[in-house]
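Two complexes come next, and they have one chain in common, chain A, joined by chain B in the first and chain C in the second.
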Partner chain A sequence: MSSYLQPITKPEATYTIHVKRFNPESNAQAHWETYRIPFVRTMTVIQALEYLWDQNTYLAFRANCREMTCGSCAMLINGAPGLACMTLLQDGSRIEPLANYSVLKDLIVDTSGIERKYKELEFWPKLEGATKISGVPRSVLHDYSHIYSRCIECYVCLEACPQSDAETTQFDGPMFMLQIARLSKHPLDAKNRPRQAIERGALSCVNCYECASVCPVGLSPASEIGKLRRRAFTQDFRNFWRKLVGKEPAQTP
Partner chain B sequence: MTNRNRNLGYYMWLAHRITGILLAVYLFAHILTLSAALRGAEAFNQTLRAFDNPVVRAFELGLVAIVVFHMLNGLRLIALDLFPSWSQEYLAFAVLLISLGVIVISVPFFF
Partner chain C sequence: MAAIAAARQGARVLVVDKGQLGKSGCSPNAHGGIAAWYKRTQDSYEIHMHDTLLSGGFLNDQELVRILCQSASRLVPQLEQFGCLFNRDPDGSYSVRNFGGHQYPRSVFCGDETGHEMMIGLRREILRLGIRHLDEVMATRLVVENGAAAGAVCWDVANGSFQYVKAPAIVLATGDAAGIWPSASERQRGDGIALALEAGAELMDMEFIQYHPTHAWWPFGVRGSVSESFRAEGGHLLNSLGERFMSQYDPAQKELATRDKVSICIYREILAGRGAPHGGIYASVAHLPARLIEERLPVILQKYLNYGIDIRKGPIEIRPQPHYLNGGIKINGNAQTSVPGLYAAGAAAGGVHGANRLGSNSLTDILVFGEIAGRVAADEALRRTKPVPEHREFADQEQRRVAGLMSAEKKSAVSLPALRRKHIEMMDRHMGVLRNESGIKTMLKEIEDTRESCLSQIAVRDTSTKYNFELRDALEMFFRLTIEEISTRGALMRQESRGCHFREDFPGRDDENWLSNIVFYKSDGELRHELRKVSFPSVQMKQFPEYAQSNSPWH
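Right after this comes the complex of A and B.
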């Protein structure tokens, strides 16, 4: 991999960073290693990692766009989940892989569980009946362009959420809830998405808004979870009332 | 839990959990205290007289703080569920300010 950095000829300082490394072929467990990085102003964590690569350190990490678009470089930086490409380097930074997932090597984690969950949750419009849209409400278009399409699926919110982890918790996590919210607004989707959100643990959300505070694109998955919960409760209340007066429960959420 | 800066909502959630547990513990202590009434008026009065000292009053003020915070934060969570677009941080600040105000107003009633 060639670095996009220009050679650092006039560093302003030399920073020390600590990186948690693990090679399953040679290490029994992860260990911290310390490196010295020539620092220039506005240097980001990913540039530091690339510098190490150029120095033949061959630290394994995921990176792609380097401009907060792809979401590949999520990791824990000083204990906080974030994107390496948008986190400025600080002296003494501690860089480690996301804690909720098993480590494949160095800073690369196994995200196959997330891909499996996408398939489980059927993250595509479930069609039933009509397959053509006559018109899309402006509010739906607005939500898609301002909220749902902006999610870069970086997994930072999943890491920050205190109520979810990769496999064991009933609550899938903020990113999945956001995707469920996205589909709930899709005009062709016929699946009861608020009910799906409840079944996937939306009631476990404690409104701590950690997901909103760490989201690199400024989304608020917690707000979307709140909206899904509210719609589920409204639906349940309506069905309860309809049952009470002897009517059939409503099919649409 | 890693040691890092988290947003106010996270600490509010943590405080809500802790105050909830403390209230549950207090509930048992409260029932135990009031059960002295089953032993007669004199036993009940004697129990209440034992609690009439500055240390217990300070604990009671702390209890007011816990109750007020837990109640207001619970209302905040209900508001966030009903109106998800409201700012959770503004509501959190409001909860903390009102709690502090109630505690300050309550001090003369205990001391």
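Right after this comes the complex of A and C.
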């Protein structure tokens, strides 16, 4: 289960942490358990969980890369969603599974609904005509290497967003909007993504920027939502104007 | 990639993933690039081949290397149809970056998240094609019938059930086995390689484990490799005296020498007492413009900022750590193993990289051989007219084996985490960057002892059926011992130093006796090995007189 953890030869302190545990086969409901951890400076939550695993606690959690690339280890740490692999451990930390999903065991949640939504939203370029990319604006390349390719789909922003609920379709939530923005900038995608964003509830975003404040890799889905909304409005205005006047507006309003 | 290629041929495909699709394995962690684009006019696939062979100590299968280098550039634009987008220069052509051992910059990239970007595209394409996939399901046994692959027994980690998946063609794209060593991302535990051996396939070059020179070492909380792009963009390696020590070991290439060489040089500096305070060595990009770091290395920058360290201002402490097992399942140019119907691709397969892999050749390998394996496997499956029989009894057998592991009488047996930790540490010590006969023999003895005394006593104390990761560790322990044994026996046999395999007692390269691959296979339940001379169908060693005349293990 756990990755190889360097031996903690010189612990600097002993920390106490609380982990919410639930085994569907033996527990009727979740309960908190308290553990003691030998602490070394800059120790992360995932290292504490790995340490516990090595102590035969049979604690179930998902983790793969341990370097904030795979987005597997999202959980609630002291009430706030975050990646266990990059959240520094504090004494008295309370660790529990994400709250938006049903718990399968301990810190593992059922995220299968997310994939269904990916399919529903057609998160791949809709190819029409050209299949080869010729010129790409510099700004798009910048957005890809600095924003879109960096979203690790860890679901942390979905948890923090007060307007989204992973199980309802009123507003899909920040991560989905960022993925829509990703496709909207893809040179081969022919689907009207700003329109899709509006249909999937982009107008419900209240610009609270909670998503940006929790994003482990420092992205701002809220800003992307704002851009998508502006682009959708521009499109709508152009269509409206075209119908009214019979020609294109002179300038982008 | 194999699943996509197979589905395109019209085959019915099932992907069995031990983790979650797109998040498991180590491809998302590959930061650097895909060696695929011959942008400079003087560059070509032949020169890429030469670089790969020189780095691999000429142990590579030249046919596989030729396919790798010839096919690479065809596949990158396909990834963009799946939704990826790679960095471009102002003229619209792909930007390329240089990696250690490549003569010319030829690696296509997206920031320093190339592997992740690639996995985004592949996952989306799998969803688009509607390919079925089973997440968190582990294959525990391959079934061979009448000498050909017939199916696999799979254990569902989420609910503990065993099922038999019948399949006339199976592609093992299970990654390598670097997780047998203390690798940071150690999900590569060699399951597929061990399964293939049991099924009758041959394994080759298993003694060559590549240590990545720049793994994050300190602070304690930082994990994972610091991408080779760190060196490629101009990063320096410094000892405690502040010297760029690589200029003494390799004045021409300096930090951009191949990984095997840089790792050993770092080890030597550390052993000479010129290491950093926590047992690593310093790496720095602080002399580069801050803008370039922000533009080209955003992930590393942010990762360290999380721990209060700004790479724009000062050095970081790194240390070579296990990264990639160069060997694996022996395949031919069609990605076929020696068992009909069984295919292998990517890091699970051997022969492409020889004794040492070049940075960014791995993502290329995944794409090229993934595509070939999927396509050929699908063709074979579709050609098959006889129905594949159902073998539920094999799943029942596996279920009984697991019940034995979890039996109540064995409650006080071996502690699995402790056993695993001991083996990982010993592999690092005796089978790491520097090896010698006595160390290797100590490791072999430990493996034999574990087989004799511990294996029968392995007991899973966690009795739950859902997400029983202790059981997963136990099942992996069997795979681990297989890989450890083969790797260690190979290392003992190879009495020379070449690429990633450095013997302190045989420090020179010995082309007279050791231009051979050590191939392991099972026959009548016995592990056997063979030395097979490397063939030189296209590139000859004498084309590189400087290399051919020296006895240095590295290029």
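Basically, the second predicted complex is superposed on the first by the 240 of 253 C-alpha atoms of A that agree within 3 Å, B and C clash if a C-alpha of one lies under 4 Å from a C-alpha of the other, contacts with A are read in each partner's own complex, and residues count from 1 in each chain.
Just so we're on the same page, a contact is a pair of C-beta atoms (placed from the backbone, for glycine too) under 8 Å apart; a residue touches a chain by one contact, two chains touch by 3 or more.
Predicted, not measured: the structure shown is a model, and the values here were computed from it.
Could you check whether chain B and chain C clash or fit when both are placed on chain A?
Overlaying the two complexes on chain A (C-alpha atoms) leaves chain C and chain B fitting together cleanly.
Which of the two partners, first being chain B and second being chain C, lies in contact with A:M68: first, second, both, or neither?
second
Taking the C-alpha centre of chain A as the vertex, compute the angle to the C-alpha centres of chain B and chain C, in steps of 10 degrees.
Reported to the nearest 10, the angle reads 160 degrees.
Is A:L188 touching the first partner chain B, the second partner chain C, both, or neither of them?
A:L188 sits against chain C, while chain B stays out of touch.
For A:T14 in the superposed arrangement: first (chain B), second (chain C), both or neither?
Neither partner.
Check the contacts made with chain A and report whether chain B or chain C touches more of its residues.
C
Per the contact definition in the header, classify A:A60: touching chain B only (first), chain C only (second), both, or neither.
It touches chain C, and chain B stays clear.
Between chain B (first) and chain C (second), which does A:T234 come into contact with in this model arrangement: first, second, both, or neither?
Touch partners of A:T234: none, neither chain B nor chain C.
Does the superposition put A:Q170 against chain B (first), chain C (second), both, or neither?
neither
Can you give the closest approach of chain B to chain C, taken over C-alpha atoms and in whole Å, for the superposition?
Superposed model gives a least chain B-chain C C-alpha distance of 18 Å.
If we count contacts the way the header does, which residues on chain A are in touch with chain C in the complex?
Residue list for chain A touching chain C: 1-4, 6, 23-26, 40-44, 47, 53-56, 58, 60, 62, 64-72, 85-86, 88, 104-106, 108, 115, 118-119, 122-125, 127, 131-136, 138, 140-141, 144-146, 148-150, 152-153, 182-183, 186-189, 217-218.
Within their complex, state which residues of chain C touch chain A.
Touch list, chain C to chain A: 19-21, 23-26, 28-29, 77, 80-85, 87-88, 90, 92, 110-111, 113, 116-117, 120, 124-125, 127-128, 130, 158, 179, 182-187, 216, 219-225, 298-299, 302-303, 306-307, 415, 417-418, 421, 424, 461-462, 464-470, 472-473.
Residue numbers of chain B touching chain A in their complex, please.
1-7, 9-10, 12-13, 16, 77, 80-82, 84-85, 88-89
Taking the touch rule as given, give the residues of chain A at its contact with chain B in the complex, in rising order.
Listed in rising order, the residues of chain A that touch chain B are 76, 78-80, 99, 162, 206-210, 212-213, 222-227, 229-230.
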